[in-house]
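Residue numbering begins at 1 within each chain, and the chains themselves are lettered A, B, C, D, E and F in the order written.
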Amino acid sequence: MRRPVTLFTGQWADLPLETLCEKASAFGYDGLELACWGDHFEVDKADEAYCKEKRALLEKHGLKVFSISSHLVGQAVSDRIDERHKSILPDYVWGDGDPKGVNQRAAEEIIKTGESAVRLGVSVVNGFTGSPIWHLLYGFPPTPSSMIDEGYRIFASQWKPIMDAYQDLGVRFGLEVHPTEIAFDIASARKALDAMDNHPAFGFNYDPSHLGYQGVDYVSFIDTFRDRIFHVHMKDAGWSDVPVEAGVFGGHTEFGTPGRYWDFRSLGRGKIQFEEIIRALNRIGYRGPLSVEWEDSGMDREHGAKEACAFVKSIDFPPSEIDFDAAFEDK
Amino acid sequence: MRRPVTLFTGQWADLPLETLCEKASAFGYDGLELACWGDHFEVDKADEAYCKEKRALLEKHGLKVFSISSHLVGQAVSDRIDERHKSILPDYVWGDGDPKGVNQRAAEEIIKTGESAVRLGVSVVNGFTGSPIWHLLYGFPPTPSSMIDEGYRIFASQWKPIMDAYQDLGVRFGLEVHPTEIAFDIASARKALDAMDNHPAFGFNYDPSHLGYQGVDYVSFIDTFRDRIFHVHMKDAGWSDVPVEAGVFGGHTEFGTPGRYWDFRSLGRGKIQFEEIIRALNRIGYRGPLSVEWEDSGMDREHGAKEACAFVKSIDFPPSEIDFDAAFEDK
Amino acid sequence: MRRPVTLFTGQWADLPLETLCEKASAFGYDGLELACWGDHFEVDKADEAYCKEKRALLEKHGLKVFSISSHLVGQAVSDRIDERHKSILPDYVWGDGDPKGVNQRAAEEIIKTGESAVRLGVSVVNGFTGSPIWHLLYGFPPTPSSMIDEGYRIFASQWKPIMDAYQDLGVRFGLEVHPTEIAFDIASARKALDAMDNHPAFGFNYDPSHLGYQGVDYVSFIDTFRDRIFHVHMKDAGWSDVPVEAGVFGGHTEFGTPGRYWDFRSLGRGKIQFEEIIRALNRIGYRGPLSVEWEDSGMDREHGAKEACAFVKSIDFPPSEIDFDAAFEDK
Amino acid sequence: MRRPVTLFTGQWADLPLETLCEKASAFGYDGLELACWGDHFEVDKADEAYCKEKRALLEKHGLKVFSISSHLVGQAVSDRIDERHKSILPDYVWGDGDPKGVNQRAAEEIIKTGESAVRLGVSVVNGFTGSPIWHLLYGFPPTPSSMIDEGYRIFASQWKPIMDAYQDLGVRFGLEVHPTEIAFDIASARKALDAMDNHPAFGFNYDPSHLGYQGVDYVSFIDTFRDRIFHVHMKDAGWSDVPVEAGVFGGHTEFGTPGRYWDFRSLGRGKIQFEEIIRALNRIGYRGPLSVEWEDSGMDREHGAKEACAFVKSIDFPPSEIDFDAAFEDK
Amino acid sequence: MRRPVTLFTGQWADLPLETLCEKASAFGYDGLELACWGDHFEVDKADEAYCKEKRALLEKHGLKVFSISSHLVGQAVSDRIDERHKSILPDYVWGDGDPKGVNQRAAEEIIKTGESAVRLGVSVVNGFTGSPIWHLLYGFPPTPSSMIDEGYRIFASQWKPIMDAYQDLGVRFGLEVHPTEIAFDIASARKALDAMDNHPAFGFNYDPSHLGYQGVDYVSFIDTFRDRIFHVHMKDAGWSDVPVEAGVFGGHTEFGTPGRYWDFRSLGRGKIQFEEIIRALNRIGYRGPLSVEWEDSGMDREHGAKEACAFVKSIDFPPSEIDFDAAFEDK
Amino acid sequence: MRRPVTLFTGQWADLPLETLCEKASAFGYDGLELACWGDHFEVDKADEAYCKEKRALLEKHGLKVFSISSHLVGQAVSDRIDERHKSILPDYVWGDGDPKGVNQRAAEEIIKTGESAVRLGVSVVNGFTGSPIWHLLYGFPPTPSSMIDEGYRIFASQWKPIMDAYQDLGVRFGLEVHPTEIAFDIASARKALDAMDNHPAFGFNYDPSHLGYQGVDYVSFIDTFRDRIFHVHMKDAGWSDVPVEAGVFGGHTEFGTPGRYWDFRSLGRGKIQFEEIIRALNRIGYRGPLSVEWEDSGMDREHGAKEACAFVKSIDFPPSEIDFDAAFEDK
């Protein structure tokens, strides 16, 4: 009766999928959320035969797949492109690197990703969107609200056509709400949905780790967007109880640097209250996978992925189907 | 024995300085920290006569001046220039708006600001620096540390010549550590000092309000950079005890929007622990002004500036000059 | 620009109004919220002459009046009447004490109270409503929701005719949300408004002290019912940080008993965060009086009423009428 | 060496005892605390043969029994009877529903329950008492202490004869301190004991879940009434860290309604600190069963009852029997 | 109606009493608590004339005296004497420094102090007792309870004769519960009273500052020893919310060293909750002086003594003399 | 890949080593940290044959040994000797009990302990040092810093020769920082290292339980003395969230007395955050054993030692050996 526990393969793209299948199976996972990079799921190769082969590989290891994820290409759809994007994009998307062209090719690739999802037999594509206005973050020099509004308009003009295509395909897109994306908390997620006119194909890949350290009510996120929770990441983060040297903006330090306000942590070792998340997911009737995105700069990843799988299984539980007073009253 | 309490005029630039002098004097202030915008202190006009006149105006209202502040032009020295800078720069600095040219003219203006400070008779210029790498804030797409390092190198190449000129002038620059600047917490402030090779003219205009909500140890900031606290802003901020809709990154909302994690608050109404700040300032021997930068989107500013002046006077106190046990032992 | 500070006379009904006027004026109050008991405001005598005389008495002491309050009679409209009501009702309302009759006569008295409010020249009557379902509080033995619904129906059937009369009179009724009333938190206040079909004459006399110790979000109450805040009580309560002997239900102990979880406290000495209340009142545009209901079983009431007046004056402040960035931009 | 872990059957009365025995045994329980409703333990049928049969049924499933529980009939002994009691009482206790008669018949039934406990071979009957004064909870309209005292006198007059009978039988009654009962926190429990003149047959079925959310020191309860802890329920409750819509009085909402201050939770998922409870039980030398009363409106009860059994086993531990320094000193 | 606010002169013994009288009067104090060192109150000179002269000096400055304090000599009664005592004792008490002799002479001096208190016209002597067992603090090497018991026996044998003399004189001794004394928290204070067989002349000079940072319930101290609160010190202490370098045992650092867990603080600037102390003092009916013992290694003492006086006046308030419901009921 | 988990035998010296080996092996331990008392490791008998035999005994039970511990004799090296030391020292060290002689013989015994460590094949001796200045703890009567300095000088004069001998032997000494020792927090540990001129053979047996309740930053301890963490004890302690009767100084009460501020607790049942400790140990590259020092006055020690072993295994984890972004970038 518990939900399937999958492993998001994005942080393991240095390993061939076959190797990862062996490991994930040994760690106890029920399935994989395939990243569209490395050899895990290659959109440009994903014809029927390719998809069948991937399915077979997974099945051989007793693993299921419920979604694929395109964070890297998705990021390039609405971002202001710079040199960093080259390192995360396939050459055929990067092309000559001209920003407009990169945005356009990334958008096309996301549509193709939806098409290959259909071929693989899954109906959810998770990913990032990028944002044309992330650099306006703090609002100084004084930023007129018109600049913010314009950013959401650009975003919507880029993603509505993609979502129309997804709707035709019967596929949905789950944005992982996250810094550097068009939505990174409840307020900006609401703006994004508004800008998209609540397009039915556009929703969220819920991930509490990016919200908790910001001070965002990540449980309320689920209730607020109850019909838009298309997929769920299980990822933990820790943050400091005491003031530190590198604040929540990160002080231009890397993950794991002593003195940082926050870091990702192996599941159960941070501050995310998963108990409340499971209760909220039960309230809204989410029955999809709980997908572990494992990241902890201070722990061996294999040790971590194994303990995370066990942790997630231990915290999931089914909702009630009985009325207590009714039982009590049966005199 | 208490320190002078001044009012930073930046948030009052819609008022002629004379009007503000009347008000500040009535509010109880001992002096003003003149902003280099509005008619408060105009660098391009600041010859000897102008400076003398300003002095006279202040004296007429019983007000002193210890520093001038150039946040707006300073921001343009190292920022990646966009349309927002036009609205905060004098036309002669903005010019044709070409980014390189704007950076350059802003740098020259900051040197002239130092020169006019000398003419006005003050030895501290406060301000912002801008930053070529603020947009890299979260570090995704993956940002190689070389890009961060390069940003600090650019910053140093722009500010070292200015600081050399300041040193010759006998003036010091106090960067207000603040989001969107090259330094916004202890970790990034340390990097900035390193990049500047600890240039003796370069230090900080300490302001706790920008540090507290980030989770930065704003008291430790004072002890850490004890010889670099050139000037002190008194400004308060409040932040939420409970998770909210618009997290610490602001959710692209404006100050004062319900559901924000943090906002500036009139002094004494936020969460900054000024008691500990005064003790730290006493420890390092800071004897300069305590300058109120008043900002609270939910309060009438005149009401606030008055209560803030009284508040700051009430919290300041002189350090001990006696050894208690010694007094005790006098049998 | 601050709001008038009034003293609710309910806790001083042992004193003749004239005596209280002298004291309140000396304590620094701007006015009184007259209780409809003692000789403070007697509904059965309140003809034009009586009202004129009361007005004159207040004016003589420099005091204003913005509302009258009928907590005791109001309580009897919807309560299940028992021996305790006899001690708080005028004889002509109690009559023979038959519950139905008492409910009916109390309802009529509340209409008369509204009529006399008009004669006195005020447009708000504050008070309690009582509740037919307070005794069902915990829900054991198992209480079907139909019993709760029926209670709200009874309440509405009793109060709608009163509110219709009030609407005709141009008077509004402010229920003080409070244990033993039909509404005692946000959830039950919403049910009460629903039951009343949002009758325009029915709203609230906001009082945070009854909400805070229950764990109710008393600031959110203001935003939630922003057009229903007809009047505001300033009253403080303290509650324990550590577990105690007599919990929040009171353990059948009296106020002030050591070991209680909570007690009323003189203003500023409890845990209510008035800063946030003033900000919320500013947000919704409430401009009426801040009326001190003073109660603290551990303090001399005259000492307390005086300090409370000063406290309330000190915490009130006007909202902003300026846009900060605008001021900042005035280069 | 750990204590037996039993399951209180009250919340499972919709299932035949045989079915429940199978389940409880599979869940890992050591025994059952039989509810005197459903077919679990029927007082009116409980002759020697019946009791023997029940014993045999339990033994067949490897289950023990240490107590029986009569919450529903107990509630009717001292309560002000209304329509709700009809649904929780056997017809022969309800009779014609006349309150005095119901009280009387309930009292007689509790004595018979004690007699059948003897036949079953257990010496503890747990249950509720009801209360004639629960409706006076908040104390408004002003409630003279004489009314409270009178309530305790009535309670004692109803329960002393029952307790005398129990003493003769060699059976003890454990009141579950709980809202709507004569005792619901430490203060009221003390009053109840006083009213009962510390009758040796009268004590408590300790249950922390009803105390914690009230702010009552549930650990101190154990030390305070150390010789009166006749039986122990393990039940958890969660309550909010942040202010909510429906406060601790419940806002007339049902369990599990979003926005409530508190709810029961599966063991280990709430805020009760069982570590401290086990230490206190060790201090007072309690060696009886730890009986799980499972209730969580958000979880499947079979999932919950199983995890609760494992949880309770994991938290119990035996006290020390050695003096550490002594071991250390053995040079 | 507020209590007199006095200044304990112990920390000012480097100043002649006349100078201090001028200052204390200017600071706003109502009186002085005279230290028996410096020239403030010299026991060996305190004949009738001396006492009369001191009284006259105080009266000349409008100051009262309610007690004298002998912390330094008192310390030497039960301490294990070492070189440090030489610096705090009059030569005639130190003598040849032989421990037994010092203890004996100190005891005699304390009796003489009581006699001179009578001559001065006060009935309370405050002070320390020292302790023969402070060095056994942590209990390692393993310390048999017999060694602790023996310490209390020694203490009692030294102080009972003194207290008998006090009782004859009509004077009482208030031990300031404090580290290095026989009593330093509630548990050890209880042991001390037990050892003294609750001698009626032996009680406490209550001072919360020495208790708070230890984690001792300083409010409960007042209720626990309600008939033994002979005198009250107002002194504040701050302690850290976050872990530090030098823990509560002090790390052999001096007051004011950065990184210490705790330090004394000017009144109102530490963590002592004086609100609760005043309420407790009201509960037990203490009507004596509130005596400021001012100590803060980070603040100028004259600034501090002045603000402390105003602070203490502001927090004191008289208890209630009315029953609220009674006032409410006056229909 | 996890660290070995050993059991410190000091608290089990009432059992013959052979018995303890059986138990420890059954509890799941990987090895023992042998105490130099009881028959566990007798320095005076520890010739080659003895050591070989001990090794064989351990190996027979599948147990390793990484260190031996000499807390009791070590304590006597720098302590002010009194009757308590007699009970913890071998007769040949105590001798005639003359303090100087005891100190001297204890020092010699510690050197012999190092020599026998070599024979046993381990390179770490853990232990206490005692302290000549622990009795000066609070600093009253006023304690000149010269007395503290002198204490550290004495300590160093006693321990430097021992450490020189250790260095020659290739053995290191790990002081367990602990009340009553020369070092009991970070500040005093730094002083001890300074006094020892950072002798390379002198470092620490890290044990968080003695630091946490003092308010000492026990995680920072590891980073601060990163090259001096020679050995690690796993021991937990609990302390109170609410004020109590016997404060942190212990009130001369024994462990486990109700009302104490703190007590040792079985691992995982106190407040030490082992997660952060493991991360810090990973940061500094500590690869030695995690040695359980089990102590909990409220729990059966065999139950506890078993659960502690499982707990420590569950919390240990290996550090990361991969760069996440690198994995992510593998497009």
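Everything that follows uses one rule, which is that a contact is a pair of C-beta atoms (placed from the backbone, for glycine too) under 8 Å apart; a residue touches a chain by one contact, two chains touch by 3 or more.
Keep in mind that this is a model prediction, so the values were computed, not measured.
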Interface composition of copies subunit B and subunit E: same or different, split at half: different
Longest centre-to-centre distance from subunit B, chain (CA-based): D
Chain whose Cα centroid lies at the greatest distance from that of subunit F: C
Euclidean distance of C-alpha centroids - subunit C vs subunit D, Å: 39
Centre distance in Å when subunit C and subunit E are each reduced to the mean of their C-alpha atoms: 46
For subunit D, residues that touch 2 or more chains besides their own: 72, 87-88, 142, 242-243, 328-329
Subunit F to subunit A touching residues, read off their complex: 1, 223, 275, 279, 282-283, 317-322, 324, 326-331
In the complex with subunit E, residue positions of subunit F that touch it: 72, 75, 79-80, 83-85, 87-88, 133-145, 147-148, 151, 178-180, 184-188, 190-191, 211-212, 214-220, 239-240, 242-254, 257, 259-261
Sites on subunit D touched by subunit A in the complex: 10-14, 37-38, 72, 87-90, 255-256, 258, 266, 269, 295-301, 303-304, 307
